[in-house]
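Next, two complexes with subunit A in common: one pairs it with subunit B, the other with subunit C.
Our next item is the complex of A and B:
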């Protein structure tokens, strides 16, 4: 179906259902109950999840397939955001031209950077991309201020031309009149489910990106990229030039990042240079690897896990922890709260770093590999002779 | 001419920091073959050793002075640092004043332990893994270390003043025959430069003139043969890792008065230090030092108004630009050996 084999198709259907029902899945607990705290179904959080899933899926096409570790992908995200906000300023708040232009601009930008960076591989490639991203970040802050509005961040002002904006079109990003930040809420008993427009726009684009990435993974082109990862020299000896393939992968992943940047701008029409900083590039690296680099579902899983945990952990403040652990005796409560509060609230990045290290050390294949291992060990208990078939390596 | 000379001097202190961090990075890469993204965090920990030392020395006990009254008429509470009561007021005040240089004695054992634990506990398991994994795990470690520091010391920069003797400036120009009062240079930056030269000299002579250093150099060029000769090369490489951590830590301690330490300073220096290492040539110790000073001075020269008028914004990107040009035209860096990580 849709040009996918049965397994991929069922994965795609699963992801589609998940994305469609995400407002319900993330809001598993009744709103006012004690566990309602663990709900993540806010429009903002879900939209970021979908956007970063696109970013990570694109990054995975480069890193997961070719093994080239780029530490500068946030530059494309930032360029995409700037392009989108410029479209808002010049043409009006409709998101279609903004997203199209952000993909085109970041694609062109990645052709330039990729053409230079891909002359080297390994750690040199990482450092070259890092250098380019830092250069873009610093230029956006200093010389390119007319284009980027420097530290204030690029935003839409009242005296901007907006030539395509009609008399009664909304003054916020919209899709043919439907505002991105509008949402409808449905109450089912004690549950409140919010269905935001912005999220569904992002989710549809994310599903299209996901479908494209499955097609790339299964295409002869994807096979070439995997050949580059496993042995570039041997590939060159068979008469194939690896450079065009890696460049194509780089540009594709740059365009994905541009799309994500455009959507970030569509969510909130403000673009700042800090989106291009190398810590932002580090975030997408963490997401992809946490989920499972080189697997189809990994980046989506990684983006979802990180965005959800970030949301929940940042909310836990000390007062809340005290109320949770109030059942403990006093002498025990204080140290327990102290210990946990180091990892929550402000300390969320500590949890993230520690989690990332644990994954790298024990699960190089990411969470997807973890689930596969669990799956295998449960299967082994039921049928012991399936070992030869069970040795499915992740799509890597 | 004066301006060029002054900017060269200005670049030296930043260049010294780059050179020291890059030297440590290269030591680790040359011995263990590991790309250490947590090296900036080690620099940051060193700077926070200075903060800790300052706080330790300022620990005070409170006495109630009955002879003096505050404005409400209550007896005045006087805080006396312990050091002042132990060594007398003058000596104690002097010790507190010199807390940053004294922090070196705290930083050396701390960094040795941190380096040793890091190598034995984590990096050891990553020798056989691909470079990408090494980068990623040390990147994770860097995040963890910097968040730990943030949890303990807060997110704001903490001022750590240099000793009063170094707080002024030196008129170097007058000493070298220029007009007086043209080339004035802060004394602490001069001290930092001299200090880094001493550390660099110490590391090089340690490698060059001791038996231990000889074995390490032999191990760097052919690890297997040295192992076959019955020398426990792994233990020596572990010690070299700890020494590299100490070098980064000392660079951080002495840098604290120049730039008030905050938890994020390591990351900013790390990116630049990697660029420095690559420009100097992966695995080449003299290359790292040379490139460190070179890029520091270049950055400072590029921020002159004359240059900025011709090429706006060049001061922000000169280092990266140089790195890109070097990487594309001379793959092994300025002084890199042929065939070391050249692909």
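Our next item is the complex of A and C:
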């Protein structure tokens, strides 16, 4: 189906269903219950999940297939955002030109950076991309202020030209009149499910990106990229020039990042330079590795996990912890709250760090590997005999 | 060519689906809201979005304490603080409109992006009807824009840029704090009295909206006093080391250094300027002076002895002797054991003003709250008689010129009120060129 083999197609269908039902899956708990705190099914969180999934899928095409670890991908995200906001300012709030331009501009930008950085491989490549991203970040803050509005962030003002905007166009990013920030909420008993327009736009683009990434993974081009990862020198000896392939992979993943940046701006029409900072580049590396680099589903899983944990942990403040642990005796409550508060609120990065270490040490293949192990062990339990018979193949 | 076949089974199936479809609306009861996040239960949620990390983290922590104190007082706990001295008596310590006040907090990280994400989750997830806080104008402008789009009220915390109620003003946003223009208008006559008419000044400016408007205002007013500007150098907000920016100052021929820095930035730049011996230098036959147009107690504490004798301006100081200030300092001191900073005062007052406006409007609907605050005159909140001007949602009140205390009794006694500039001296028209170009637009209730 759709040019995919059976296994890939079922993965794609699974992801499609997951994305379609995400507003329900992320809102497992009734809104007003104590566990309602753990809900993540509000528009901003789900949009970020879909957008960062696109970012990570794109990053995985470069890192997962060729093994080139770019530490500067946030630069493309930022450039995409700036391009999109400029389109909003000049043309109007329709997201189509904004997203198209953000992909084109970040594509061109990645050709430039890729052309230079890909002259080196390994750690030198990583440092070069990191340097370029930091340079872009600093430029956006200082010299390029007329273009980026510096620290304040680029935003749309009432006196901007918006030449394509008609008299009745919505005053927020929209797709032919359907506003991105509109949503319909459905109440089922104590549950409130919000179905935001913006999220579904992101989800559809994310599914298209995911499909393209499957096709790239399974194509001869993808095989060539894997060959670069396994041994670039050997590939060169067989008479193949690896550079066009790596550059193509770099540009494709840069365009994915541009799409993600454009979508970020389409969901919230403000572009800040912090998006290009090295921490943002690091985030996508962590997402990809946490989920499982080189796997199809890993980046999506990593993006979802990190965005969800960020949403939950960064919102736990001390007041909330005190109310949770109020059942403990006073002498025990204070140290418990103190200990946990170091890992929550503004300290949630500690939690992320700990989780990352655990995954790297025990599951080098990322969360996907964890699920595969669980899957295998359950299958072994249910149909142990068949598996055992099938496994004993090597005759010695 | 069409082929249609009715079978009993097919008909039953269709009927069942259609029936389910018709039944759906009765399962899904839609709770229609008259406006964004209309509080339905016994509580109303406010969102306090303050920097907990980054260069303004100290201010953020103080703001959060003030917000928590305000919520206590609104809910009738504690001694009531400024509720007792406030000229409006609509608030009775019984929550707001009979609903208990609850709050959620978030970290802006002093970054526009992060602040907007945090405010968004407060609005979308926690159902906040009002967002307050912010210790940076860049953040305040970004979050104010978001609140306008989302349809909730934004009560700005510490933001001093002209743009917040100038170029970037929004119908749903209100600012109690004073602005860069008022600082410059209050400081200029004092500076030329103290340091003479014939001075050359050099400015280091934090490179974002606040710094830009602060520098432009200082330039305008100091040149009006006959001073000459040598240079205005922009420094990134994230810098911690200013030595490379300070080195050229002494060779530039300038005899006054104006630091348009705030928070941790100012602590570092002032400390380094003092370490460079700038305050002991004689240039052009005159004593070299350092001026910090916007000073807060927390910055003074950070800068320690270096702040002694330095002139600047403040929105409020805990040593003022009016009833409102005394009541606030007393209840803040009882709660936290330290006197409040100006950031704390403005955040506390903003929360009270919002609650009072809801109470007077009889609704949390932003489009009812906005008219209740517009053109509202009040007193008893520590700044004397104050007006919330309808044209730009800016408060007009007296401005304090403060000086670093050289005879500090304790670690909180760091600033002295040098002069109180009456509001008439700092008042400006809404179409003043420093504030032109903005448009309030219409209030948005998000319905």
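Just so we're on the same page, the second predicted complex is superposed on the first by the 378 of 396 C-alpha atoms of A that agree within 3 Å, B and C clash if a C-alpha of one lies under 4 Å from a C-alpha of the other, contacts with A are read in each partner's own complex, and residues count from 1 in each chain.
Keep in mind that, in the parts below, contacts are C-beta pairs under 8 Å (C-beta built on N, C-alpha and C of every residue); 3 or more make two chains touch, one makes a residue touch a chain.
From a predicted model like this one, the values you see are computed outputs, not experimental measurements.
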- Message: Once chain A of both complexes is superposed, is A:275 in touch with subunit B (first), subunit C (second), both, or neither?
- Response: second
- Return first, second, both or neither, reflecting whether A:155 touches subunit B, subunit C, both chains, or no partner chain. second
- Message: I'd like to know which partner A:142 touches here: subunit B for first, subunit C for second, both or neither.
- Response: both
- Task: Examine A:187 and indicate which partner it touches, taking first as subunit B and second as subunit C; both and neither are also allowed.
- Result: second
- Task: Scan A:120 for contacts with subunit B and subunit C and give back first, second, both or neither.
- Result: first
- What is the contact status of A:204 with respect to subunit B (first) and subunit C (second): first, second, both, or neither? neither
- Does subunit B (first) or subunit C (second) touch A:312, or do both, or does neither? neither
- Check the residue A:289 against both partner chains and state whether it touches subunit B (first), subunit C (second), both, or neither. first
- Return first, second, both or neither, reflecting whether A:212 touches subunit B, subunit C, both chains, or no partner chain. neither
- Task: Across the two complexes, find the residues of subunit A that touch subunit B and also touch subunit C.
- Result: 138, 141-142, 346
- Message: Which stretch or stretches of subunit C touch subunit A in the complex?
- Response: 27-31, 41, 52-53, 104-107, 109, 111-114, 116-117, 120-121, 124-125, 137-138, 141-142, 145-146, 149-150, 167-168, 207-209, 234, 236-237, 437, 439, 441
- Note on the structure: Within the complex, subunit A is touched by subunit B residues 35, 122, 125, 129, 131-133, 135-137, 139-144, 147-148, 150-151, 267, 271, 274-275, 278, 282, 312-313, 316-317, 320-321, 323-324, 327-328, 331, 341, 343
- Note on the structure: The subunit A residues in contact with subunit C across the complex are 32, 39, 42-45, 48, 138, 141-142, 145, 150-153, 155, 157-159, 171-172, 181, 185-188, 194, 268, 270, 272, 274-275, 311, 314-315, 317, 319, 345-346
- Query: Along subunit A, where are the residues that touch subunit B in the complex?
  - Reply: 67, 69, 116, 119-124, 126-128, 130-132, 134-135, 138-139, 141-144, 278-279, 282, 285-286, 289, 342, 346-347, 349-350, 352-354, 356-357, 360-361, 364
